[in-house]
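Below is one structure, written out as structure tokens; comments come after it.
For clarity, chains are labelled A, B, C and D in written order, and residue numbers in each chain start from 1.
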Amino acid sequence: MSPDTIGVGLVGYAFMGRAHSQAWLASRQFFSPGIRAELTAIAGRDAEAARDVADRFEWRSVRTDWRDLLDDPAIGLIDICTPGDTHAEIAIAALAAGKHVLVEKPMANTLAEAEAMAEAAAAARRTGTRSMVGFTYRRLPAIALAREIVARGGLGRVYSVRGQYLQDWLADPKAPWTWRLDRTAAGSGALGDIGAHVIDLAQYVVGDRITTVSGTLTTAHSQRVDAGGTSRAVTVDDSCDFVARFASGASGSFTATRLATGRKNALRLEVSGENGALAFDLEDMNYLEFYDTSGGPDAGFRRIMVTDPQHPYVGAWWPPGHSLGYAQPFTHQAVDLLNAIADGTDPAPSFEDGLQVQRVLASIETSDRTRSWTTVIEAAEEATP
Amino acid sequence: MSPDTIGVGLVGYAFMGRAHSQAWLASRQFFSPGIRAELTAIAGRDAEAARDVADRFEWRSVRTDWRDLLDDPAIGLIDICTPGDTHAEIAIAALAAGKHVLVEKPMANTLAEAEAMAEAAAAARRTGTRSMVGFTYRRLPAIALAREIVARGGLGRVYSVRGQYLQDWLADPKAPWTWRLDRTAAGSGALGDIGAHVIDLAQYVVGDRITTVSGTLTTAHSQRVDAGGTSRAVTVDDSCDFVARFASGASGSFTATRLATGRKNALRLEVSGENGALAFDLEDMNYLEFYDTSGGPDAGFRRIMVTDPQHPYVGAWWPPGHSLGYAQPFTHQAVDLLNAIADGTDPAPSFEDGLQVQRVLASIETSDRTRSWTTVIEAAEEATP
Amino acid sequence: MSPDTIGVGLVGYAFMGRAHSQAWLASRQFFSPGIRAELTAIAGRDAEAARDVADRFEWRSVRTDWRDLLDDPAIGLIDICTPGDTHAEIAIAALAAGKHVLVEKPMANTLAEAEAMAEAAAAARRTGTRSMVGFTYRRLPAIALAREIVARGGLGRVYSVRGQYLQDWLADPKAPWTWRLDRTAAGSGALGDIGAHVIDLAQYVVGDRITTVSGTLTTAHSQRVDAGGTSRAVTVDDSCDFVARFASGASGSFTATRLATGRKNALRLEVSGENGALAFDLEDMNYLEFYDTSGGPDAGFRRIMVTDPQHPYVGAWWPPGHSLGYAQPFTHQAVDLLNAIADGTDPAPSFEDGLQVQRVLASIETSDRTRSWTTVIEAAEEATP
Amino acid sequence: MSPDTIGVGLVGYAFMGRAHSQAWLASRQFFSPGIRAELTAIAGRDAEAARDVADRFEWRSVRTDWRDLLDDPAIGLIDICTPGDTHAEIAIAALAAGKHVLVEKPMANTLAEAEAMAEAAAAARRTGTRSMVGFTYRRLPAIALAREIVARGGLGRVYSVRGQYLQDWLADPKAPWTWRLDRTAAGSGALGDIGAHVIDLAQYVVGDRITTVSGTLTTAHSQRVDAGGTSRAVTVDDSCDFVARFASGASGSFTATRLATGRKNALRLEVSGENGALAFDLEDMNYLEFYDTSGGPDAGFRRIMVTDPQHPYVGAWWPPGHSLGYAQPFTHQAVDLLNAIADGTDPAPSFEDGLQVQRVLASIETSDRTRSWTTVIEAAEEATP
């Protein structure tokens, strides 16, 4: 007996749209989730571009207005891959229409939007409508393993977390202006784009929440020339450094930057605990380094190649030692969401988790402005990273 | 105007069958080859298993006899993913039927089979029927870049090559007996399975051929217990070490082993030349290390993250710094073959290239038996790696 | 003609005393400084222990009161290797007595002491008496090379610095209480002990000064049991995290901690600039990683083994590729000081440099207390790192 | 009570002479061997050069004829640091004169010399005269730890050894001719100079002997220009590759080369066993990588920083995490030899061990000439690596 199916409606067809398209397909090629995704429709304002993606990934139909997806009874799940300023409207409407929702990060561009989304998610949850934020890196096998190790007490008490998300695409002063450098469209710069990832991962792996922060934002080049040759103002941060304190008292030190020359996609996390430590770097995503103090003087960071069938998610793919890539966690995310829908459980990260990250981001901006430590607001207590 | 299409008939549905299935799909999802692959039919003796793969990857039909594929006018390309002892029969028949052929490595289990296949390929070539051996790792972006660097003289005269393919799945004496440990079914052990890869890569990157070898084969455990609890003889090598000389006079030192505890899939290549050196490790497949003597005392191996849009194959995938995985080279292979078919050119590696590797393998076995250096037979001259 | 000689009087005989003893000997074994060091006398309160060190390194005489060294006309240079709370008294007296002074870091335990020392050094300088702070790591060949690369514009405009000094000897809650955990004796904890090093190195390599900071101190275990079994209060920080801004506007993110499980002595620096980047780790002290954007898509961090005769200090030691160790920079420091004395020039780092680091440390403590950004006081302007 | 002393007579004052000079001093500075070395006399044909070394390291007297050292009753130990062609004569004479002997590697230039030396050592042993070959790298803490791990069964049955000694000083065709490239003076090229090291280390760490070999020697540039501008013949190998079999049946694959562009001093060893594996690289000499299969799927090569006081030799030096360098193993060697003399035991590696390595070297040359596997001669059985 084959599983039930659910129709997916995808909004967005760019880089993220393609990543999600292949994930919905791979979710049934390599896994056997409790409910099977059908690629029912894709929506995008540029019909030509949307049609191209639809052809490539065999989406059954193409729409130019995402609202059409909400009216389609064949669609049970809305997957939002548009820029951040549209997330709140689409997600809230989709939940109201009784569609399960997966929304890419950053969940929203403003705290107010994020709060409205979390409220909508809470309301929808009561009728069994599921929602999830796309902090995809939680589904890297190495990160899932890191979470397991911390959760089973492998580090003992956690002392500190050092997190970095280093990219370099703005190190060149001649790198062109894009909408990502405009505060209205993008919300913030490195902070929300990649800082959000490292904050979510740190909280997720440690199983704790950041409660206070002190940070500073940097814009190295306040003007850049756009593709048309016009000089435009850069109104977001290129770079963000902050120190933090977790609820448990653990300390944190973080950097998110687009100015780290030579680092292409270095999302790094090091967690130090009483009995051990973990280190991860997205540029070597198939590995997790684990130090276990029980090794005594012969202890050392051991480089675990997280490609064993017993490792999270890995068994569905290739034999041991065969590298996974950037695409895989999107598939794992799709599978986990499909299984949550099938099982009638709430997937994580929830919109409340997304809201809590948004609060940390907002607190860092406040801290930068006031030049003092800022408390991540109390309502965050409800979130469970 | 969309491109023409070609129907693919896949023989085999196991690990390799799945890898090829996703590749045919991805070839049109992420690339735009000159001719578009249709997943027309899959053939496998176990109808149930073949049906499962067909469902997952949307193969249009399922056959239990590969011969049926040759009769199908909708199929223009036969993709052979079965064990090595069936390759010759299927490939020769397919070429005779005017189908283009992609055959997984090892191309054949015996030199005689390989020679027959090369003959068939040469004959078919005259009528525009294409053939290709699946030395997939040539299509790793890092390896393609390595080849480019050598070809443009980046290393100057090549002095030496050190190659290793290290796995560890037989290090445990309790690892079960499988058909891969049986000479009749598998041809050889580590030698043909993974030694073939490192030989092909070394010759490909350097642009030269191995002409003499001296090697030794090791079987650490001559009996293993199969899944049914029966003790069975291991009739292939667990491990192979050999030294070699290239046509240019460059020296080579190679190991292929399933006994390298802790190494899961470490296909390593280091090429030393007058002006530079290259180092690669499949366990870190997104990187190529390049040493350029023009740096003087400040030279050093630089770790190139081969994920830039300007790097071979990369532009079709993700932004810089986003890791590719094991699956991608299969897609690149499919795209290159489709383009060759569309362009009416001969793809590489050819069956003659595959034959030349087979001759090196056979020479190593002879050397092990005679305990002396063995010349790779002269007919190899025609091969152009 | 052999060079003139200068008598050295060493105060202290513990770990640092031994490191300096071997350095004075090696300064003449492997180098040929303009003036040759004689190991004239060692002073220590524990005569037995001092005698043992004297025997091992052939110090000519042993004193139990450091004041005796100041009265000895055969001594021209006082080398201070005692705990920090004694530095100011000894250094000021030595300078007043016309002796050149080398003082270990931390230069002093309090800002007031450091200011008095800097004044004394300025006064002594007028009469040709030299003074130097033992920020030894500046004399690592890799760090000296890093400084050169930045100074010659190899990075262009510097955007940011990330510095860490990670140790783990307090990660174990059972690690015993020592005087280093007592604020009166040690001044501060990780902050002054190892934070001072990373601050000095960051400023030195970049050629810039930190002007504002926001930081937080952590004491994970506020009580520890001393060797005698008594529970004692820990009155210093185990760990310090801070963000910083340099005079140029570059941003900084720093951690100094004794809680970084698995990291033994990881003093790490990464400097990102417009045209390149540098990365260093003291746990791999013979290497400097350098990224040069002129490599285009084939750029990568190149791992320079800083053991070439053309690299700073290296020519005096072994052939290329032969690792230097922890002891060598002490020798380089001794040689540089001897040459400055011989040449009549002022060695660096000066006491003013030491004072500036002390001001950064004090500002971090203030920031931790006030929970806001703190300006490193203006008098720091005179310092030239 | 201070220990007895023994006068050392050093023959040679070049690179190795300096390395040994500092070692004799450091043996008493940082260790407390059972007998204390006095730097009694140094002998060298160039009196000026010898005098310079004597001044630097405080050798008490200088001789121009090594024979004078044998007549000096104050000298109990002869330390031979001259080129290989003089070793046999000096060592045999010294042993005959009742002096303990330390001889640098390669022990001799010919097998006949090595055999005569082993005989002399055996004879001298009967009267308590000790002899030792300077395979210094055995005294690297990481290698000593590796030996311990294998000896206590940490790897279980050893399957294979991969050893490389990679240097690049002949990669440049313009690198000048020196006596090291002349067979008469140097015996052989990479083979004896650095191949000897990797052979000794492999046998030492594994606790086994190589019994058969098949190898090939390469001379990439048969003419080089000497310092005077004259073109001279290169009569030794630049590079050597060989495969080997150990007495236990374990396989070996080795390369020793001066043509490995970018590798400065990369002496690498990887040992694979049933229960674990070890990897070492002299370019990262403070580390040993250890893989322990008991870690199951979470196993990984753990990078042990071999700088803990509990690690071999380390306690005498610095706190954990402080790197040792190239100089330290010479000191450990001196200390071990002094302790053997004090204890009346035979130090290792013995001249018989040196002879066995020499036999392997000779067998590789034979194999290269005959183009077939060569058995390391039977007398080797007596050697106990």
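A few notes on this one:
Everything below uses one rule, namely that a contact is a pair of C-beta atoms (placed from the backbone, for glycine too) under 8 Å apart; a residue touches a chain by one contact, two chains touch by 3 or more.
On a predicted model such as this, the values are computed, not experimentally measured, just so you know.
Among the remaining chains, the Cα-based centre furthest from that of subunit D is the centre of A.
The interface with the greater count of contacting C-beta pairs, when A-B is set against A-C, is A-C. Taking each chain's centre as the mean of its C-alpha atoms, subunit A lies 36 Å from subunit B. Subunit A and subunit C, compared by their mean Cα positions, are separated by 42 Å. In subunit B, the residues that touch at least two other chains are 263, 291, 299-301, 305.
Subunit D meets subunit B in the complex at residues 155, 157, 159-160, 162, 164, 168, 171-173, 214-216, 218, 220, 239, 241-243, 245, 249, 251-255, 257, 259-263, 270, 272-277, 291, 293, 299-301, 371-373.
On the subunit A side of its complex with subunit D, the touching residues are 145, 287, 289-291, 295-305, 308-311. Against subunit D, the residues of subunit C that register as touching in their complex are 2, 15, 18-19, 21-22, 25-26, 28-30, 56-58, 167, 169, 263-266, 282-286, 305, 307, 317-328.
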